[in-house]
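The next part holds the structures, each set out as structure tokens.
Okay, so chain A shows up in both of these, paired with chain B first and chain C after.
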Partner chain A sequence: MFLRILRRSLTINKKRKALTISVVALGTGVIAALLSIALVIGDRLEQELRTYGANLEVVPAVDSLRIEINGVDYSNTARGAYLDERQLPKIKTIFWRHNIVGFAPFLPVMGSLKDNGRTISLVGTWFEKPMPAEDEPDFRTGVKIVYPYWQVEGRWASDDSSVSEAMIGAKLARVLNLANNDHFTTEVNGRFQRFRIVGIIRSGGVEENQAFVQLAVIQKLMNLPHKIKKIQISALTIPENKKARKDPAIMTPEEYEKWYCAPYISAIAYQIMEVISNSRAKPILQVAESEGVILSKIKLILLLIAIASAGASILAVASGMTAIVMERRSEIGLLKAIGASNRQVEALFLAEAGMIGVFGGLIGYGLGLFLAQIIGKSSFNITAPFNPAVALITIILAVIITLLGSLFPLRSVAALEPVVVLHGQE
Partner chain B sequence: MAFIEIDSLTKTYGRLAALDRITLQIEKGEWVSIMGPSGSGKTTLLNLLGGLDRPSSGSVSINGSVITGMTLNELTQFRREHIGLVFQQFFMIPYLTALENVMIAQYYHSMADEDEAATALEKVGLGDRLHHLPSELSGGEKQRVCIARALINDAEIILADEPTGNLDADNETIVMNLFRRMHAEGHTLVLVTHDSTIGWKANRIATLEHGRLIKIDSGSSTRQEESSEIVLEGIDRSESLSL
Partner chain C sequence: MFKRILLKSILRRKRHIGLALAIVIVGTSVVAALFSVFSNVDVKMSRELRRYGANMVVLPAQPPLAGSPTAESQISEKELKKIAGALNRPQVVAWIPLKYQVVVINGSKQAVLVGTNFENMVRVKPYLRIEGRLPRNTEDRGLLVGVEAARKLGLKIGERVQLGSGSSNLRESQTFQITGLVKSGASEDNRLFANLMPVRKLLKSTSIDVIMASVIGGMQSIEQLRQTIEAVAPRVRVEPVLKIAKSEGQLLNRISALSLIAAFIILTITTIAAMATIQSLITERRMEIGLMKVLGARNISIIALFASEAGIVALTGSLIGYGIGIALAQIIGYSAFGTSIDLNPVVFVTVLAIGFLIAVPGVPFFIKKITKIEPANTLRGEY
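And then the complex of A and B:
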């Protein structure tokens, strides 16, 4: 009988119920949209943030002290320890290999220009070297991948050492009065090498004072075959929590397994050290932490908007349900007069509210998915797919919002005396 | 002790006494009309008898239970088990059919029984109106649905507030015949009216004025009379009203 009453009662107060359903749909629609975006934004944002450069650096294990003068890293030339370039493909074999966006080896040296004897910083590296991995046959890596934000006037240099191409920083080019297609000759280790400039780099960083050339050329000049001084890696990671910052040596087996199988920057660094012998991989913390902070802040904003939306919906539902209750005072009075308890009458209204919530949630999810496409496309260039879990959460939230919004009106149901509504007092 | 004992029942609203120390006994199976001009306290007395309102002082006991001392929940339970209510405005749930309006009283009493509810409606002459909404029924038909609803749980006491107040003469006759039949079946009737023709059909007439019981008269009805066969004018049936 209860379901029969409920079914029939849904056919009255249609306009108010439609309005209340609309309010719930709007509120939960916003929440569903934000939830849909929040679920995919992490990966997308991480990819966007990866365009800001490397977040991991690998150096020889013995090189623990960094020597940097005027933004130029001299530690590599000051010490004798090297990494082996031939081990680089192993980076794409670690557990989180698919999160490795790219990496670039570096071998910096100081050279002097043949024309004027001026000392310049030369860095041997890969630009966009093909490096087929087992499950990524088209994988290419180098500074073009690791530093996609570099603005290049001209073009990226080739990795083919036979053509001796160079890219030089904008500041260095200005000082030396060099432009694209100009040539310069440097002396390194008593050997001379002529380079053709194919690109001018603007990065806003130390790179603007350096000249980048093919790694193999520097190795040959230095007589250091296959040697590199450091590797910079761009990896997709998730923000670390306190547990993730714990020393793996003192983790319990469960903690270790959980940490190892999560794309924390420290876990990826650890896995890289496992494959690159005598290396020390360390997060470039400023970048890694900024990413975590940005992600956390965006998620906090989404959460606050969702809470505000839910709060507004609750108030609007309370208003709508109060109007419905007021319109049905006689019915409530009659039900109480013929023997319905407060709880039984409240149950009827709560069930109605629940149904409004379900309808509102269903419409809200549809609306939210639509909104998510618009917001996602315009702001993050993402597509939010249909997600049954989000749909279910939206409907549950809609029911909770409607029930919470009904609490205040239900108090008036309990307080309503049948004698007042049925025939007043004489 | 009488079936219904009303003792010094007083209801005040601020300084205004709607009921002033009413004392009255009603026997089981008796039909008592409460009469008086508007504002005399008739409906207030009926509300207190039905446990719909609480007195300022005094007490009402029904079959030994002091209902004026009951909690809200106890009153609701007492009402659902012992009292049938009929109102002047023939209140019905607007979105339920005639049948469902009767079943809802069963539902809150114990268990809804569609066949039993249909039989009750047939007995008040509404067998062909079972699935009509209140908006599709005439005033007289609505009031008969309300009477069927009041009787469906076999209430011992029927409290009716101006049950014919909004009806035309034909429907008034039909409804009053139903009340006579209820009385004949042994239900205790307390009927509020300001219509003396209606009021005098009872065993006794209690007259109120300014909240006070000013006189009790004997009416035209006796139990012996009621026991005889009553033809429900306007209703094409004569079976018992015992539901």
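And then the complex of A and C:
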């Protein structure tokens, strides 16, 4: 009997059912869309924030104090401690190797121009050197990867040391009155070297005062084979919490393992120190510290959007259900008049609401996935994949919302007097 | 007569009107809250992104590359005053003058000394980690030492040091006291920081090397400031720090695109859901319409009655919804950004429009329905 009434009430008056289902679908669709986006946006945001450049710097563990103003190093680079260039590929073998976006070695020296004796700051580095790693055969790294914000007029220099090309900062180019394709000869360590300028760098930073040349050329001039002064690394990290700030030396074995296996900046720095001998890796706070805060702000905004829309959807569905129950007062009156108990009437309505919820949730997830693609594509260029967990959550949520929405109006069912309702009075 | 029916219809059908009102309030409050937040999100995020530090620099015409500075490679005190005036704007969060010099510490080792303004330095570079305290006022001969410099030179908080300019001639030196250590993971770690005034006295020079500023509003504001500054001090150059400014612009564009689209979708869906619900309430009133027609009401007066009823619901609902919405927006503003959300008149107009859109759903469709109702059929209960 119950089932028959239920089936009848679902098959007749399809229009009204369709309306309710669409209200539920629309409401849960927004929730499903935001959930789908929230699941994938974290990784994408981290990559986005890598445009701020390196967030880790590795320097020799023991070295003299650097005396440097505006990118010009006044300390004597020929002395002091160095890192070994040959250990660089090991950076791509650490536990979090996939989170290493790129790195670049540096060896700065002072040179004097042959023409006018002016002192200039030369920096030996890698531009975009191929460095096949075990599971990333086309991995390339160098300043082009680490400093995506450099604006280059001309082109990036080659890493092939047989052609001795240079990229020079815009300010240096202006002061020396040099342009692309010009040559300059500089004296370093008593030896002369001629460079061809292929690119002018604009960055608004100290790079504009420097000339970047191939690392191998500087190493040869200085007689410092395989020596480098520092490494800058761009790594994908997650914001550190209080526990992650603890000194690894005083962590319990469990804490240590947890920390080591999370892409915290401190954990990555620690793992790099393990593979580069006599080194000290330190987070560049300007980038590393701000990144965490910004990331959590953006996620908070997303969460607030999701909560606001979930709230709105719940209320919209609830009011839709209320409208339906109100509309069916005379039906309820009739059911009661022919002997249905309050309980039976309520069960009937809840069963109906449950089914509406399931259908609404299913359609809602489909709609949500579609909306997620639109939102994702047009903002962060991400695609939200099908996720069974989100689908399940959406359907469950749809059922809960519909049931909650029906509960409130059903409370008045008991108070309905069949005679009054059937008579049509309010 | 019309007024009486309208009044009665609203008063007698409290439950229905209440429900319709609730739907309008829910719809409009969500729209008001989200639109208020999103119309502010780029300004707020721009302020948040100032954590990354200075995004604009003011440089002398010809910055020193190496060797001793010349008048060309410095910003004079007179220019500094003019630039300070131009930088006194609400979009400038903070700015600092910087004066660099290699100094001799205690007559032996060398390090880079930076003269600046501490109060503003921590605002321009909020990522600095400071241990100890900052020198007090702008005259105080306190010294903030980079962690690397402290380690390598063996300096400690509270210690007094002799700083000499250029040579190791101690007669030229002055005493500073270390008040704190500073850490950034970058060049600051290798330097010493002091107030600009005592540094000027020590170096016997009033000019400075560079000005760094933290500006909200992205590249556009930087461009405006560039024009203002270069107008008052033609010899200097103003440049964006690309590392910060370029990334910031990109990120802000993405975030505003995201919030705009999300807001638009939520707006559409809330409106549709609310409209659908209200519509189901109207179909219920066929009987009433039929009765009115039987009693001789013309279509136009029935439409007028329903339209004014819906209008009252829309107006009341949107006003309440707007109130709730902006309260919600403030809660979001404080929890996400720690500041209030500015009110935007456009949001109010939008909310009012949405309110009417919800409460007067598909008016033409509705009119068609009313005119089509046959009293006899409807009253008998047929559809």
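One rule holds in what follows: the second predicted complex is superposed on the first by the 350 of 426 C-alpha atoms of A that agree within 3 Å, B and C clash if a C-alpha of one lies under 4 Å from a C-alpha of the other, contacts with A are read in each partner's own complex, and residues count from 1 in each chain.
We adopt the following convention: a residue touches a chain if its C-beta (ideal position, glycine included) is under 8 Å from a C-beta of that chain, and two chains touch if they have at least 3 such contacts.
Model, not experiment: these values are computed from the prediction.
Contacts of A:294 after superposition on the shared chain: chain C is touched, whereas chain B is not.
Touch criterion met: A:319 reaches chain C, while chain B stays clear of it. By the touch criterion defined above, A:204 reaches chain C but does not reach chain B. Touch criterion not met for A:182: it reaches neither chain B nor chain C. Ranked by how many residues of chain A each touches, chain B and chain C are led by C. Of the two partner chains placed by superposition, only chain C is touched by A:171; chain B is not. In the superposed model, A:304 makes contact with chain C only, not with chain B. Look at A:274: by the touch rule set out above, it reaches neither chain B nor chain C.
The intersection of chain A residues touching chain B with those touching chain C, taken from the two complexes, comprises 426. Those residues of chain B whose C-beta lies close enough to touch chain A in the complex are 13, 18, 38-44, 47, 50, 52-53, 72-73, 76-77, 79-81, 85, 87-89, 91-96, 100, 103-109, 112, 149, 161. Residue ranges of chain A in contact with chain C, taken from their complex: 16, 19, 22-23, 26-27, 29-30, 33-34, 48-49, 51-53, 57, 64-70, 72, 74, 110, 118-121, 147, 149-151, 171-172, 175, 202-205, 209, 282-290, 293-294, 297-298, 300-301, 304-305, 308-309, 311-313, 315-317, 319-320, 322-324, 326-327, 371, 374-375, 378-380, 424, 426.
Taken in their complex, chain A has these residues touching chain B: 1-2, 4-5, 8-9, 11-12, 330-331, 333-342, 344, 417-419, 422-423, 425-426.
If you check the complex, the residues on chain C that touch chain A are 12-13, 15-16, 19, 22-23, 26-27, 30, 33-34, 37, 41, 45, 48-49, 51-53, 57, 62-67, 100, 102, 109-112, 125, 127-129, 148-149, 152-153, 183-187, 189-190, 209, 239-247, 250-251, 254-255, 257-259, 261-262, 265-266, 269-270, 272-274, 276-277, 279-281, 283-284, 287, 328, 332, 335-337.
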